[in-house]
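Shared between the two complexes below is chain A, which pairs with chain B and chain C, respectively.
Right after this comes the complex of A and B.
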C-alpha cells in the first residue's frame, strides 16, 4: 500500500472536521475522495502533508508521516496541488514551476519538459505573471508545480472547481496520462462526482468528516442510493 | 542649487535604502515588525569601532568582522527569541523592542554613554561644482547600491532567493513546494543582521556613534516600509530614495533642524492617501 490513512481525526477549535477517516491508496492507482463542500476533503489532504493538527495514523510507503514537517514529507515524494492553488501570483509561470523544483533541482529540465508536454499552453506563457492568468491556466500551473518535485504520489484537491468543461477535460487527460504513461499514483479530492467517476479506480465517499462508503466506480454506480446522491442523471446514462 | 540637493540627496538615499532593506525583508517574509532592527545597526557600528579604532585591525577586516557579527546577532535573535514566539506578532514586536533597549544598555555598560567620533572610511571630500560631499558618504552610498544590487540578484535568480519570495507571497504554497519556512526565516534574519550592521558602520561614520543611535534608523525603516508598500522590497528601495531626497530638500532649503519631520509628515500623507504605499502588494 502506498498511502495508508487510519482513524484520522482533525479538529478546528471544537469542531470536528474529520472523524476517524481511513483510506488506502494502492501504488499505481488513481483514487478519489468525493463529497460535498465542507465534507473534510481538503482537511484530509492537508493532514497528509502535515498542514493541520491531526490524530490517527498516516503512512507513505511504510514511513510514518505524523510528526514530520511538511518540507520533509514533500521530499519523500508527495506532490500537492491544493484547491486554491496557493500560487505565487507575482511570479511568472516558469518561476512558479522552479519553486516547485526546490527539492528536486537535479531533474528540473526533465520535469519542465513533462509539464510543458502535458500543458503546452504553459510553455507559451511561461513568462506571464500567474496573477494575470485564467483559472484554468492557474490550475495547470498548480499541477505543474506539484510535478516539479518528481513526486510518486500526487494529491489533487478540487481540480475542476470553477473551470469550463473544456479545461476539465484537459485536466482529466493530463491526470490520466500521468497515471498511465508515467506510473504516477494520484489521490483526487473532488465534489464533481461525474469527473471523478471516469478517472478513479477506487472511490471513497466522505460526508461530514466520515467515510460513508467506498468502492470501484462500477460498484458505486450500482448502488442506487449513492447513485442518486452523488452521480445524478448523467451517471445513470453512462 | 539643483545639484546641491540632488547629489547629497542621492547619496543619502543609497544609505537609507541599505538601512531599511533588512527591516523590510523581515517584514516581507515573516510579516513581523522587528522593532529591534536598530540594534543591529548600533551593534554593527560599535563592533566596527572596537575593531578598527580600538584594536586597530584595519578598516576592511573590521568591516567584515562587524558585518559577520551582525549576521551572527540576527541568527541568535531568531533562534532564541523569534522562533519561540512564532506566530505571535505582538509578542515578537514587544520582545524585539526590549531586545533593542537591552542592547543599548549593554553598549552603555561596555562603551560608556558618551558619543564617539568615527574615522571616515575614506577621508577627504569630493567637489562637484559648488557642491562638496564627503568621500565617506560617496563610499557608503556606492557600497549600499552594490550590496543592494547583489541582494536583488540573489533574491531574483537563485533557488534560495525564489524560496524567500515564495514564502513572502504564499507561505502555504511555499511549504507544499518543500520549502522550510523556518530555514528561510533564519536566512532572512541572518541577512538582516548583516545588512543592518553594514548600515550601522556607514551611519556611524556619517553621523556619530552613540548608544541611542538605533532609534532614528528604525524610524527611517518604518517610514520606508509604510511609504514603499507593506511587503514590497522594491517599493522600499524607491521609498528610501524618496525619503532621502525629501530630507535633503528639507534640510537644505528650509532648516537642518527639520530633519525627520518631513518624513513623518510623508508617513501620515501616505497612510491617508494610499494606505498600501507606493507598491502595496505582497511581492519582493
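Right after this comes the complex of A and C.
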C-alpha cells in the first residue's frame, strides 16, 4: 500500500472537519474521494501534507508522515496540486513551476519538458502572469507545479471546479497519461462524480467528514442510493 | 541561474551607475548632499523591500532595526573610542541578532497584527533609549560629535552611493534567483509555498536577517554621516513613512522600485523647499504620491516598464512597416 490513512480526524477550533476517516491508495492506482462542498476533502489532502493539525495515522510507503514537517513530506515524493486559487498570481507560469521545483533541482529541465508536453499551451504562455490566465490554464499550472518535484504520489484537489467540459476532458487526459505512461499514483478530491468515475479505479465517498462508502466505479454505479445522491438519477427519473 | 530579462536590467543598472558617478561633476555641493540623503533612504527602502516587499510581512518597525545599528556604533565610538572598522561591523551583527527578535512574532502572526507588533518594537526602542540609562544613550538629546567615515559632500556621496548601489544590485540579482522567487511567493501565498515543500520558516528567517543586515549597515553609516544620533529623528513616524511610501510608490518587491521611490520622494521634497519652505510642501508630496499611486498601484517601476515597452513596441512596429 502506497498511502494508508487510518482514523484521521481534524478539528478546526471546535468544529470537526474530518471524523476518523480511513482510506488506502495502492501504488499505480488513481483513487478518488468524492463528496459535496464542506465534506472535508481538501482537509484530508492538507492533512497528508501536514498542513493542518490532525489525529490518526498517515503512512506513505511505510513511513509515518505525522512526525514529519511538510517540507520533508514533499521530499518523500508527494506532489500537491491544490485548488487553482492557490497559485502565485503575480508570477508568470515559469516562475510558478520553478517554485514547485525547489525539492527536485536536478530534474528541472526534464520536469519542465513533461509539463509542457502534457500542457503545450503552458509552453507558449510561460512568460504570462498567472493572474491573467483562464481558469483552465491556471488548473494546468497547478498540476504542473505539483509535477515539478518529481512526485510518485500526486494529490489533486478539485481539478474541474468551474471549468468547461472541454477543459475537464483535457485535465482527465493529462491525469490518465501521468498514471498510465509515467506510473504516477494519483489521489483526487473532487465534487464532480461523473468526472471521477471515468477516471479513478477506486473511489471513497466522503460526507460531513465521514467516509460513508467506497468501491470501484462499477460498484458505485450499481449502488442505487449512491446513484441518487451523487449522479442525480432520482432527478432524472422524476 | 538568473531569471529572464536579467541582462536588459543589468544594462539599466550600468547606465544608472555611470550617471550617478558623473553627478558630482556638474552638481552643486548642496545638490550632492541631497543625493547623499536620497542614497541612505534608498538603502533603508531596500532593507524594507527585502523583508516586506518580498515576503509580505509588512514591517512598521524598521526604524527599530536602523536604530539598533545606529546606537550600537554610536555607543561604541562615543564611550569606548573604538574605531569605525570595528563598530560598524559590530552594529551590523547586533542588528542581525535583533532581526531575529523581529522574526519571532512572524512565526505566529502575519498581516495587520504583525505590522502592529513591529510598530510596538519601534515605540519600545524609542522609550528605552530615553528612559534606560540616559547618561549612556544621551536620553532625548541623543549623542553628538560622532566621528565621520569620510569628510566632504562628494566623498560622502560616493560612499553612500557605492553602498546603496552594491546592496541594490546584489538584492536585485538575489530576487532573480530561485531563492528570490521563493521569497516572493511567500508574500503571495505562504500556505501554497509550504505545500510545494519549501521550509517557509527558514526562508523567512533568511529574509529577516538579510533585511536587518542592510538596515544595520545603513543605520550605522547614516549616523556617522550625520555625526549625531537622537531618538526623535530616528524613531519619528515621518521617517518611517518616508521609507514605506518610497517602497510603495516605487513598486514594492522589485528592489529597483523602492530605490526610484526614495529618489523621487527625497528630490521632490528638497527641490520644493526653496518655493515652499514650510511644512505645506508635505501636502504636495502627499498629493503627488496619491496621484501616482492611483495612476499605477504597482508604482513608478511599473510605470517606467510600461512606458519603455510602449516605445520599444512602437519602434519595432515602425521598423517592420
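Methods note: the second predicted complex is superposed on the first by the 230 of 238 C-alpha atoms of A that agree within 3 Å, B and C clash if a C-alpha of one lies under 4 Å from a C-alpha of the other, contacts with A are read in each partner's own complex, and residues count from 1 in each chain.
The rule we apply is simple: a contact is a pair of C-beta atoms (placed from the backbone, for glycine too) under 8 Å apart; a residue touches a chain by one contact, two chains touch by 3 or more.
Not measured: the values here are computed from a predicted model.
In the three-chain model built by superposing on chain A, chain B clashes with chain C. Contacts of A:127 after superposition: chain C is touched, whereas chain B is not reached.
Contacts of A:181 after superposition: neither chain B nor chain C is touched. When both complexes are overlaid on chain A, the residue A:7 reaches neither chain B nor chain C.
Of the two partner chains placed around the shared chain by superposition, chain B and chain C are both touched by A:145.
When the two structures are aligned on the shared chain, A:51 is found in touch with chain B and with chain C. Counting contacts by the rule stated earlier, residues 49, 51, 69-71, 74-75, 80, 82, 86-91, 95, 98-103, 145, 149 of chain A appear in both its interface with chain B and its interface with chain C. Residue ranges of chain A in contact with chain B, taken from their complex: 49, 51, 69-71, 74-75, 80, 82, 85-91, 95, 98-103, 105, 145-146, 148-149.
Those residues of chain C lying in contact with chain A across their complex are 3-4, 178, 181-182, 184-185, 188-189, 191-199.
Contact residues of chain B toward chain A in the complex are 159, 162-163, 165-166, 169-170, 172-180, 281-283. Of all residues in chain A, those touching chain C in their complex are 49, 51, 69-71, 73-75, 80, 82, 86-91, 94-95, 98-103, 127, 145, 149.
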